[in-house]
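Quick one: the structure is below, and I'll ask about it shortly.
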C-alpha cells in the first residue's frame, strides 16, 4: 500500500512505537540509554584505560618497581613524562626516581609506555574524573599521586595483573635459578681451585722436603 | 456634524496621499501616496453609508469592498512595473524614467 | 451579602463543573460588588462590565501562557522519548520546573543588538509578532457559552489579525542587517503567504457547509451524533478529513514548525530571522510562536473536531471546556510527534507542494463538500464526495510526486 | 475628595461617546503623515501599515465590521508585504547627477517640495470648504443610525444585487496578478 | 555584500563558516548565491591541520601509531590497520592467521558503526531533528563498547601493531560480539522503514548532487561515493589483503550516482559487512596474535619505500612510507579518502539550492581530521 503519503506514515509509526514503547514495552524501555551520571556510575569493561600510574609492591618508598631507566620518557609519543633519577647522600645515582611527573593534560592514554617498560612498573588506570579548575599545576600528577599499590592494580585489571605477576614471578625464579647456578658454578670453581691448591700443597711438601 | 468631521479627516488623509505623490521622487512613495488616497476614498464611502437614510441597502459597503479589491490588484501591478523600471534604469527615481520616446 | 456566604457558594459551584467558569465569573462580580459595599459606594454597572472583561482577558492570557510553559517542557520530553532518551528531569519532578529555569535564563541573558542594526525596528519586531498571537485566542469557543467575543465574522477576524505575523518576520529579518536573517525572512514570508491560501480555503469550505462565519455557529453545526454514537464532526466526512489535513499542514507552515521550519533551518541558515535576537526578545519570539501555534490549533479544533462537543453521547458528564483542551492537547502532541519524525522540505519543494498539491486539493475538497451537502449528507453524499476527493489525491500524488521520486524504481547491482 | 470620587464614578462611562472614533482617526493621520515625511523607505512602509490598521479599526468603529476586517486582511496582509518586498528588490542605486541645468539648481528640491505642498494645501482648503460651508452641507443630515451591517446581508447582497461586479472583479484580479507575475519575472538569461 | 553583476542579478556571498552547525567539523565554504541557487562554491579547509606527517618524521615507527587514531576519528581502527599494513609491506612482516581474522572482525565492525553514524548525520542535515541520529548512535554505542572491552578505549584504540594486534580477544568478547551482530539486521530494517519510504527524504535526496561514473574516476574518488556512481572498485576485492579472499561477500554499486544512491549504498554495505562478520566469527582459528620477530623498541625497517592501502569506510586509505633504515620514518604520507572525495564538491553543488549543499556534503561523508591531517 504505497499511496503518496504512506512513506511518511510508516516513519511516523516507527517513532510512535519508540515513543509509547519506552513507557509500556520492556524491550523499548531498555533502549533508553541515558545514564543519570552522578547517581548511576558507568560500568567500564575490564580492559578500559585512561591514564598511567606507577605500581609498587608493599611499601610505596621501597617497593616501587620503577628503576628510572627513562625508556618510557623517550618512547612516549606526546612526550608527557618527566623523570629525575634519585641520588644518595654522596651523590651516587640510585635506581629509583626522585621525580616522576606525568602531565595528564598532554597524555592521550595510548599506553605505549606500558608496552615499552621492561620492568612492568607502569600500568593503565581507568579513572575518568580527573578534571580540575586550574589548567596547569593540578593536571601534572607528581610521583606521590601516581603511585598505587599492586592490590589496586589487581582490583582494576584482574587478568592483566595476574599475567604481570606471573611474568615477574617467572623472571624472579629464573634470576634465582641463574644466581643459584652461578653460585654453584662459583662454589664448584672455588672447590676446584681449593682442590688444585690442596693438590699443589701436597705435591709441594714432597718437593721441599 | 459628525459626518462632516469624518469627511474632514478623510480629506486630510487624501491630501497626505496627494502630498506624497507630488513631492516624493521615489516610485514606491508615489504608490504609497496612491494607497493613502484610495483609503481616504473608502473612508468616505463608509461615512456616507453610516449617515445614509436607509443603510440596509449597503451600497457604501459594497463600493468599499470592491475598491479594496481593486486597490490590491492595482498595487500588485504598480509594484511589478516599478521592479521592471528598476531593472531597466538601475534606479527607481521617477525623474529618470523620461525615455518614453516613440 | 457578606464574605462567608460568598465562600459557601464555592462548593456549590464545584458541584456542576459544566458551568464552573461562568459561575466563577459571577462569583467574582459579586465579590467586587461586596468590596464596593464594604467601602460604602454603590458600584456602577460599567465597573462590573470592566471587571467582566478583565476576568476574561486574564483567564485567556493565563491559560495560554501556562500552556506555553508546559508545552515547552512537554515538547522536549516527548521528543526525547521518541528518540530513546529521557528529556529534562533535573529541574523539579519530571522536569516540570524547566520552563521556570528557561524563563529565568532567557530574562537574565544579555540582550545583544548588532551595531548597524536598525534599533527601532529591531525592538518593535517581537512586539508586532506577539500582539496578533495574543489577540487570536479571543475568538475561540472554549466551552458552551464561553467565548470571549462572539464575533459573527470570527474566522475572517482570525486571518485578518494572523496576517500581522508576516510583517513582524520581515521586520525581524530586515532590521538585523545580516545575510542569514534576510534569507531566513525571505523564506519565511514566501512560505507563509503560499500556505495562507490553502489555510483560508479549507476554513472557507467549513464556513460554507456550516453556513456561518462565527465559530460558535460552526461548533453547533457539528453537534449531534450519527447512528447514536458517531459524532458528526466535520473531520469524519471525506471532504472534512481532507480539509482538516490541509488545514493541519498549513497550520504547521504558518507557525514555522517541523517539516516547514525552513526560516530557522539550523542546518543552513543558523537561526534565520532570529539569528540576531537573544535574551528577552528571543523569548518573546518563542512565546509568540507557541501562543500562535495554540491559537491556530484551537481554530482547527473548532472547525473540524467539533470545538467543545463530546465525542460520545454518554461522555457529556465531562464539562465541555475540558473537551476543547483535551483535543488541543492531542493536537499539540501530534505536532511534536511530526517534529520528531519528518525531515525538512527544501524551499522550492515546499512552494511546489503548496501551489501544485495543496491548492488543487482544497478546490477538490470544495467541490466534494458541495456534492456532500447537495446530495443530502447521506450515504450517497458520502460516496460522491469521497470519490471527488480520492481521485485528485492519487492523481496529484502520482503526477507531481511519485513520478519523479520513488524508492522502488532504483536498481543496485552486486558483484562477487 | 470622597464626593469628587463619587461624582467621577457616577459619570455614564459605559455609553461609548460618539467621538470615540477620533482615536483611531488620529493614529491614522499620524501614520499617514509619518509615511509621507520619513526619509528611510522601510520606516515609511511601516508607518503606512500602521495607518492601514488604524483605518481598519476606524471602519469597525463606524459599524462596517466586515469591511474593517477585509481592509486589515488585504492591506496589512498583502499590500504592505508587496511594498516591503518592492523596496527590498529595488536597492536605491546612487542618484546620478543629471545634466539638465534646471534640475541641479541648488534649491531645486526645496522648490519642488514647496510647489507640491501648496497644491495639496489648496486641494485641502477647497475640500474643507465644500464640506463645511457649501449649501448642501447645511442640508438636514439624518442622525447616525446604529446601522450595523450584518455579514449575512453583505453576503446576500454580493451574490444577488452586485453579482456582475463580483465576477468582473474576479476576472480583473486574475488578469492583474498574471500580468504582475509576468512583469516581475526575470527574463531567462539566454 | 550584495553586489550586482551581469544582468543586475543580485548575488550574495555567504561564507558557511568553520563554526557552522552542520559541516561535520571545522570546514568553510565560500558560497556565492543568486537568490537560493548556488552560483559558485569554494571549499576552505585546514582549520584542523595538526601537522601529523611532519611529526611522524620525528617519532619512532610505533610512536605515530596512536596518532593515526586521530586521522578519521569516526573509524580509528581502520586507520591503524592501514598504517600497520603499509609498514608490514615495507618490512616484509608476516602476520599470524588469528591476528588477520581479528583485524577483519574489528575492521568490518568499524565500517558498520561508521555507516550507521552516517545514517544519523545525513538526517540531521535535513533537519529530522535528531531522531534518526539517536537511533543510529544507540546502536553505534554498542559497537564502541565492544571496542572498549577489546582495546581499552571506545574510539582511540591504538590497537594494531606491526605483525599483528596488541592484545587477544578477552573471554566472552566473541560471544557478545556475535550476539550483538545478530540483532543488527533488525535495527537496519527499522531504520529503512523509518527513512527510505519517506517522501520528503526521497525528494530531498533523489536527483541531487549527481556524479557520473567517468567523472568520478577522473576525480580520483574512492569508496561508497565512487561505487554509488556505478564503478565496481573495492580494494578488498582488488588487492585481496588480509583474509578477505577467504571470505565470500558482494560489493554493491549504484546506477544513478546521486545522494540517494550514496545513502542506500551505505545501508547495503552494512548488510554485506554483517555477512563478512558472521563468516569471520565462524572461521577464526586459535594461535598467536603477534609475529614475535618484530621488536617493539628500536624497530628499524630496511631501507626502501612502500605504499599500503586498505578499503576504509570512507574510501581508499593509503600510507606511503619511505625508510632510510633508521628508527624514524624518512617520509610518511597519507592518502586521505575524505579530502580527495571533497575535491568534486563544487562540481556537484553548483546550480543546486543552499539546502542541498548541506545534503551533498553530508552524502560524501567527510571527517575533517582526515581532510586536514
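In this document, chain identifiers A, B, C, D and E correspond to the written order of the chains, with residue numbering beginning at 1 in each.
The rule is simple: a contact is a pair of C-beta atoms (placed from the backbone, for glycine too) under 8 Å apart; a residue touches a chain by one contact, two chains touch by 3 or more.
Note that the coordinates shown come from a computational prediction; the quantities given were computed from them, not determined experimentally.
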### chain B to chain C, fewest steps along touching chains
2
#### Entry: Most widely separated chain from chain B, with each centre as the mean of CA atoms
A
#### Entry: Among all chain pairs, the one with the most C-beta contacts
B-D
### Query
Taking each chain's centre as the mean of its CA atoms, how far is chain A from chain B in angstrom?
87
### Message
Between chain B and chain E, what distance separates the C-alpha centroids? Give it in angstrom.
### Response
64
### Centre-of-Cα separation between chain D and chain A, whole angstrom
84
### Query
Of all residues in chain A, which are in touch with two or more distinct other chains?
2, 4-5, 7-8, 11, 14-15, 18, 31, 33
### Query
Which residues does chain D have that touch at least 2 chains other than itself?
66, 70, 78, 85, 186
### Query
What are the residue numbers in chain C that touch two or more other chains?
82-85, 340-342, 401, 406-407
## Note on the structure
The answer for chain E against chain A in the complex is residues 59-60, 62-67, 69, 131, 135, 138, 141, 145, 148-153, 156, 158, 166-167, 170-171, 190, 193-202, 296-297
#### Entry: Touching residues (chain side chain C, partner chain A) in the complex
78, 81-86, 337-338, 340-342, 393-394, 396-398, 401-402, 406-408
### Query
What does chain B use to touch chain D in their complex?
1-9, 11-20, 22-24, 26, 28-29, 31-33, 35-36, 39, 42-43, 46-47, 49-53, 55-56, 58, 60-62, 64-66, 68-77, 79-84, 86-87, 90-93, 95-96
### Message
For a test of understanding, state which residues of chain D touch chain B in their complex under the given definition.
### Response
18-19, 21-22, 25, 28-29, 32-33, 35-36, 41, 44-45, 48, 51-52, 55, 58-59, 62-64, 66-67, 70-71, 74-75, 78-79, 82-83, 85-87, 89-90, 92-93, 95-96, 98, 103, 112-113, 115-117, 119-121, 123-124, 127-128, 131-132, 137, 141-142, 144-145, 147, 149, 153-154, 157-158, 161-162, 165, 169, 172-173, 176-177, 179-184, 186
### Query
Across the complex, what residues on chain D touch chain C?
5-6, 9-10, 12-14, 42-43, 46, 49, 56, 65-66, 69-70, 72-73, 76-78, 80-81, 84-85, 88, 150-152
